[in-house]
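Both complexes shown next keep chain A, but they swap its partner, so chain B is in the first and chain C is in the second.
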Partner chain A sequence: MINRAANRQANRIFLRACIGTGIALPLLVALPHALSVYWQSVLVLFTINAVSLMGYRLITTMGGWSFAHISTAGLGAYTTAILTTLETPWSFWATFFLGALIAGAFAMIIAYPVLRTRHYYFFLSTFAAGEALRQCYVQFSGITGGTYGISFIPRPEPILGMDFGNSVGFYYLALALAVVVGLLLYRFDLSRLGHTIKAVAANEELSESIGINTWALRTLPFVMGSVVAGFSGVLYANFNGLINPLDFSAVLMFKLVAAAIVGGITTFWGPLVGLLYLTALEEVFRDFTQWIPLLWGVSVLGVILLAEGGLEMVIIRLLRRARRWWRSRGDRPPNGARQRR
Partner chain B sequence: MRNTRGIPRLALSAVAGAAALGMAVTATTETASAQETLQVGAIQPQAGDCGQWGIPITRGMQIWADQLNAEGGLLAGDGKRYMIEIKAYDNVCYIPGEELKAGRRAILDDGIKFMLQTFTPGSRQAIAQMTTDHHVLTTSYGAGYLSKDHPYLIGGITGSPAAYMLVASRALTANPDVKRVAIITADASYGLAAKAYFEAGVAAHPDQAEIVYNESYSPDATKDMLGLLTPLMASEPDMICQLGFVPAQLAIMVETVEQLGFKGVYCAEGFTMPIILKRVPAEVLAGRMYFGYAFEASEASFSPKGHELYTTYVEQFGEDQWSPYTPIGYAAIGTIEAGIRMSPSIDSEVVMKTLLGAEVVDHPIFGPSRWGGEEIYGANNHLLTPLPIYNLGADGNLVLDHLLDHAAWWEQHMAVALPVLEAGGQVFR
Partner chain C sequence: MQIVANIIFLSTFYVSFAVGLALVFGVMRTINFAHGEFYMFGGYALWLLINAFTGILPPGATFIVALIVAAGVVGVMGILVQLSIFHRLREQPFSIFMATLGLSYVLQVAVVKAIGPMGQSVPAPFPGFILFEGMVLPIQRLVVFGFTVVMMGGLYLFLMHTDLGRAVRATAQNRTGAMLQGISMNHIALTTMFVGSALAAISGVLMGSVLIISPFMGGEALWRAFIIIIVGGIGSLSGAVVAAFLFGIIDTLMTTFGAGKFAPMVDAIIMLLVLSFLPSGLLGARE
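Presenting the complex of A and B:
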């Protein structure tokens, strides 16, 4: 009975999210037409990073902050880069799904060692796994191009008359992926399974003692999040047209982690707010490229010290205050009258 | 009488007025022409370790612009003068992804049509398509990567990585006793290019020398210079060719191998002597430091115009700040200057076609030079300028060791050098 009520509640929330997405979609579709070519490219990269971040947030729901996410995205990127630049090139669409699958398979393999660790150790072990993977991109140069990387990766072939050769077309591809991934992951987040994963993260021993398979519930979001990373990696490589091991370095990983901290991870949209903030920071200070990681770091410290829970909590508090103020307007006594104690 | 005197006076006044108006209009037109500004982009590292390369290169370009602006602007082939504005973009440390980001900002946002970038092949490839799509004539201090599919990418001077091959070859010619060569390069796109070109330079002397050490290092390894260089010294080289150490690291490298007993010769793209001579005395290194990139402006004999760059730089930044990398930006952008001067229009497409269509380009520093590069890049888009190679004198000043004719060297050694470059992944036909 309780389950059914909870499910209905989740469906209602999800329906509201779908309606909200439906309302926002025409604006998002129109957005690139209001932007210059440069800002269109910024928008595309933001959307690709948003997809990756949604996958990352899913991983954090199981209680661990992975530092291998960007390297895993690299598997998707290298899959498409290698296969679409062969003498007999593969179709982008085949590599799109294959790249994500390979990223998921890698996550499944490393899940066994890294998910045995907790807290800081999980962070460190995923960092080690990610670095090992990145070193593979450097060392297996016969396949990956080593530090040279792979250039001239072709854009996706047109599909249903849609041309992805320009930034607008590519943005629609990234947007479609973001909407599909976003809605699926949001529904998953609201589901009983999603709640159970969070419960396991909150108290793993207690969950285990009542018969929950905590191992499976930690592995599932880790692998799912990595599959999403794989998709984002494929798009990243195809949009830029080149990849290099440095594209999957700790700097970009730090950007994702910083976005999650600055935005907060309690809500589904929190990390996206963080990403928006960091991207804006990057563009405002674009003439000082090498200072950007420092600014990200300062932002993380600022949020930890001044806005616990991230920007999402600030926004939620402001919305609550606005709602209270709005309600209090209705309760206010007529002008001139004083309320009696 | 009054009238007869008045008419000529009126006429005189009218003529004088018209002349004054004409002069004013002419002056206004000239001022307006001179004030038309041409933005030139420079994608280089602007901070951090690699800023030791990128900042002097950008300064060299700025001095180039200042010199032209002081003359009232660059006199283009269309008869107008254009003021030059340099806009710098940071590629962090020649990282291809960052090059692309910087290229997007320069080309897509700021509408830059003339640009200088690194020779690093990965970075050149990163923006190759964008330069083609948006007609951005992009020069570099060398070639690195060129293609007939990307005609807007040009190699502005002999520069990198060809200079590595030529300097190694010259050092071997000048030192017949050198038999064992060690090559050490950074494990990065530019380092891999240098590795192949050093190998090609040594290959041109098959009866004289062999490569006894040939390794790439991770930039992180430079923190432990002794650990990095001990295996190199164990190979007992007579000559060390290196690329990848930033100037301060290179000074430490020289000091370290000297302490380890090295008595042979060095070859590199450039040595920042003020830093090196603080660590090792000039009399110890004299005659052992072969380098050549574009030209060394502190040495006056090669190019009086180039030497002006040195004096201006020293006035602005001080002698201690002088870097052998300053002239390379100055020289490479000179090719675009030559193109604009020749072209009937400053439209980048017209400039590109005029420049590449010219049999001989009158380079402001190197003089008449011809295009080459077909065998390596499948396109003759590399301006083969003569390469002055320098060495260190006992007094601590640089001396011009040799002026090498790139085109003639290539014709003589292509048969042995080209397969080596191909094996090193540097042939892009």
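Presenting the complex of A and C:
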């Protein structure tokens, strides 16, 4: 009975999110038409990063902050880059799914050893595994093009009359992926399974003692999140047209981690707020590219030392205050009434 | 025979870099991500002093001055990090890790802006080489090896034969037990951060004399150091030394026999295998 009630409540919250997305969608669809070509490409990259970040947040719900996420996304990128630039090129749409699958398979292979580790061990082992994977992109130059990478990656071929050759068309593809992934992951987050995963993260021994398969529940989000990373990597490669190992370096991994820290990970939208903040910072200081990692680093330090819980907590607190103000406004007698008394 | 020399030189590098990280981890139970940047500061200290003292001091003397200055300055930076980050966030190892990750980018960019992103190199303070049994032994590399041995010996003496060193070891073994013996955790944390950071700087000066000094040298060395301390057993100094030699042998052999491009992959696979079958590493204590 409790389950059913909880499920109904989850459905209600999810429905609200769907309606919200439905309302926001026309705005998001219209948005690129109001922007210059430069800002359109910023928007596309933001959407692709947002997809990757939603997968990343899923991984963090199981209690581990992976540092291999961006290298895993690289697997998707290299898959599509290699296969669509062959002499008899593959269709983008085949590599789209294959790339995500390969990223997921990689996660499944390293899941056994790295998920045996907890806390800092987990960061270290995923950091080392991710960096070693990135070194493979550099070293196996025969197929990956080494440090020069792969160029002339074609845009996806048109489908249903949609042309992805320009930024607007590509943005719609990225937006569609973001909406689908976002809603699916949000529903997953609300589900019983999603809650159980968080319970495992909170207390693994206790969860295990009441008969939860903690092993499976740690592997599942790790692999799912990596599949999402694979999708984002595929889109990145096809949008950019060229990739090299630097596109998957520690600095970009730091951007994802920083987004999750600055935004906070308790809510589903927290990391996205963080990403919005970091992207805004990056664009404001566009002419000072070398300073950007420093600004990100300072933001992370600031949030950790001064604003625990990240921007999401700040926003939640403000919303709560606004709601309280809104309610108390109704209780108070109107000004005129007080004067009459 | 040249292979043996190369193995020893590479292992020296791995040992000198990883041992400070392992020491800090063992005592503080968290990772100082800025360790790589402290190492980089050591390299730049050598570069700056060599440039400043050309013609005033012989390069060999400058090298020794750089060792002392870098160890002192970076050690104090370690104390500052302890006071500003580690102490404020104690009991939150994850936050410390993330904060030092942020700090490492701050330091990296600071150096890029102050000195420039290009790699620098210094002329060997002890130039020349020895031919011995068919081996080519650059004197500078031998000096680096010698200083690493001295550094490790000093660390051994400090940890094994001084009261402070014993207290540091006690803290690493059992925090509560050490506290019950009246050991001040703050004192130990400050000592450890000073020594660990100074070790990073010494390693940076030593390696700066034979490698290219760049703002990114720390980040490049760090992931290998993570593999080394995981395989050695996190927090275990002897484990770190053993693992450093293990990877020194593997990487040198692979490079010599033309399989250098597989080295990162093989290193990572070894780490993953060790994690699968010996989660606490080769010489790590089971927690």
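Everything below uses one rule, namely that the second predicted complex is superposed on the first by the 332 of 341 C-alpha atoms of A that agree within 3 Å, B and C clash if a C-alpha of one lies under 4 Å from a C-alpha of the other, contacts with A are read in each partner's own complex, and residues count from 1 in each chain.
By definition in this document, a residue touches a chain if its C-beta (ideal position, glycine included) is under 8 Å from a C-beta of that chain, and two chains touch if they have at least 3 such contacts.
Remember, it's a predicted structure, so these values are computed and weren't measured experimentally.
Overlaying the two complexes via chain A brings chain B and chain C into a clash. By the touch criterion defined above, A:Val227 reaches neither chain B nor chain C. By the document's definition of touching, of the two partners only chain C reaches A:Leu301; chain B does not. Of the two partner chains placed by the overlay, only chain B lies in contact with A:Tyr38; chain C stays clear of it. More residues of chain A lie in touch with C than with the remaining chain of the pair chain B and chain C.
Of the two partner chains placed by the overlay, only chain C lies in contact with A:Trp65; chain B stays clear of it.
Of the two partner chains, chain C is the only one touched by A:Ala132; chain B is not. By the touch criterion defined above, A:Leu275 reaches neither chain B nor chain C. By the document's definition of touching, of the two partners only chain B reaches A:Asn244; chain C does not. Applying the stated contact rule after C-alpha superposition, one finds that A:Ala201 touches neither chain B nor chain C. Look at A:Leu124: by the touch rule set out above, it reaches chain C but stays clear of chain B.
With chain A used to align the two structures, chain C clashes with chain B at 219-227, while the other stretches in 129-137, 219-227, 291-299 or 327-335 stay clear. Once the two complexes are overlaid on chain A, the chain A residues touched by chain B in the first and by chain C in the second are 290-291.
If you check the complex, the residues on chain A that touch chain B are 36-39, 41, 138, 146-149, 151-152, 240-244, 246-247, 286-291. Interface of chain A with chain C (complex): residues 65, 110, 112-114, 116-117, 119-121, 123-125, 127-129, 131-133, 135-136, 139-141, 250-251, 254, 257-258, 261, 290-291, 293-294, 296-301, 304-305. Residues 25, 29-31, 85, 88-89, 93-95, 97-99, 101-106, 108-110, 112-113, 117, 219, 223-224, 226-227, 229-230, 234, 260-265, 267-268, 271-273, 275-276, 279 of chain C touch chain A in their complex. Residues of chain B touching chain A in their complex: 45-48, 90, 92, 95-98, 100-102, 104-105, 108-109, 121-122, 125-126, 128-129, 187-189, 191-192, 425.
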